[in-house]
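Every chain is named by a letter (A, B, C and D) in the order it is written, and numbering of its residues begins at 1.
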Amino acid sequence: MNDRYIEITNEEIDFKKLYNFCKEDHLGAVNVFFGVTRNVNNAKKVLYLEYESYKNMAEKIISKIIDEMINKWDIYKVAISHRSGRVDIGQISMVLVISSMHRKSSISATDYFIDRLKEIVPIWKKEFYEDGESWLSSTPG
Amino acid sequence: MNDRYIEITNEEIDFKKLYNFCKEDHLGAVNVFFGVTRNVNNAKKVLYLEYESYKNMAEKIISKIIDEMINKWDIYKVAISHRSGRVDIGQISMVLVISSMHRKSSISATDYFIDRLKEIVPIWKKEFYEDGESWLSSTPG
Amino acid sequence: MFEVKIIFFSILREKLNLREIFIECGENTSIHGVIEILMRKINFEDYDLSKCMIAVNEDYVDDNYLIKNGDEIAIIPPVSGGSDFL
Amino acid sequence: MFEVKIIFFSILREKLNLREIFIECGENTSIHGVIEILMRKINFEDYDLSKCMIAVNEDYVDDNYLIKNGDEIAIIPPVSGGSDFL
């Protein structure tokens, strides 16, 4: 499928590669969402975090979500990269790029993707604090 | 005001500068919208385009729109760069970066900004075709 | 009487081949009045000025705004920033 | 009778100190049946398995799915990708 690029990676995310994958000369809109590792969560100082994933399944489920998006909106290409392993504070943990003719579709689809990511994509986050660590559970929001 | 960066520029837009302005270690979400020059509009082949702006006023009105956004959503920083002068096909004509704790606010505010941009910011686009040229008027959508 | 500067942009600037002009007007002239003076001075052909917004000193004003000495009046045709991505 | 592999992730993997196990089960065993076998074999302490989703061969299935020889069953605790940005 030439309309999507999906990766779960241990390396720093290469935004430019994702952008270039999605950009086409007949498209006017490219929306990019960056998820960034925060230094605080629930009023606790976070030192770094680790993502664990069920890699093959995560990629497969992300592809299904993209199918859902393409059914709902007139979007053109989607590129998504999500980190696994250790991610330091301020580093990018996820990049989602969606291109479309009209900006409403790529913006709405971005929102939808993240909702679905938090529901069904088998990726888990563990936060490390000065005094311990904990597995997170997606909270509604 | 340290919460916003606004420019109308004749130079290529420096995305990294805008991203770095908005990113903070306590924020989890950065949404970026790229407007890209399309090679076709209304079924006509576009060779390149030119933006004209009432520069000082455009920057002032953009700042007012950002005030509106900050009143409506819990967003943290906003950086916007819009091209003026000639822009070639496939080049970036606008970049809007919004950072927030939660992604819903930066995504909604992105959509809102573009609606308002197309209503009241004094920037005009002229398209150049093989057989002529024409000033555009924002169409609803 | 005083002089105010009026500036034109984009399609109007090109159509009129005019970037700015100065017109004279009296105290208590409204934007509405300025537009009337302008239409007597300049041939706008088929261009419908009523679809333009008016800004004074870089802020939008309505037709009742009373101009003051030194005001910079801009005629703002329908804008089209962002029309690449609708 | 055949063997199926069951894999664990994140909080469960750490709690059980177990990445995967193999269990034996008969023809026509449902996911529901597999979970019952699992709970007899393993002490999940206070962990409430019912909040997990179940995947077979990398697709979510419901409790009535009948497992086949060679199936890879994954126990999926509530996911938390994207919880950085809520």
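By definition in this document, a residue touches a chain if its C-beta (ideal position, glycine included) is under 8 Å from a C-beta of that chain, and two chains touch if they have at least 3 such contacts.
All figures in this text were calculated on a predicted structure; none of them were measured in a lab.
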Touch-network distance, chain A to chain C, counted in steps: 1
Euclidean distance of C-alpha centroids - chain A vs chain B, Å: 23
Chain B and chain D: spacing of chain centres that average the CA atoms, whole Å: 48
Interchain centroid distance [CA atoms averaged], chain C/chain D, Å: 71
Two or more partner chains touched - positions in chain C: 84-86
Residues within chain A bordering two or more other chains: 28-29, 35-38, 101-104, 114, 141
Chain contact graph, described as a line, ring, star, complete graph or other shape: other
In contact (per the touch rule at the top): chain pairs: A-B, A-C, A-D, B-C, B-D
Partner chain D, residues of chain A touching it in the complex: 35-38, 49, 51-54, 56-58, 60-61, 82, 93-94, 114, 117-126, 135-139, 141
Of all residues in chain A, those that touch chain C in their complex: 28-29, 101-104
Residues of chain B that touch chain A when the two form their complex: 19, 23, 25-40, 89-90, 101-104, 107, 110-111, 114, 141
Partner chain A, residues of chain C touching it in the complex: 84-86
Sites on chain D touched by chain A in the complex: 7, 9-11, 13-14, 53, 55, 58-60, 74, 76-86
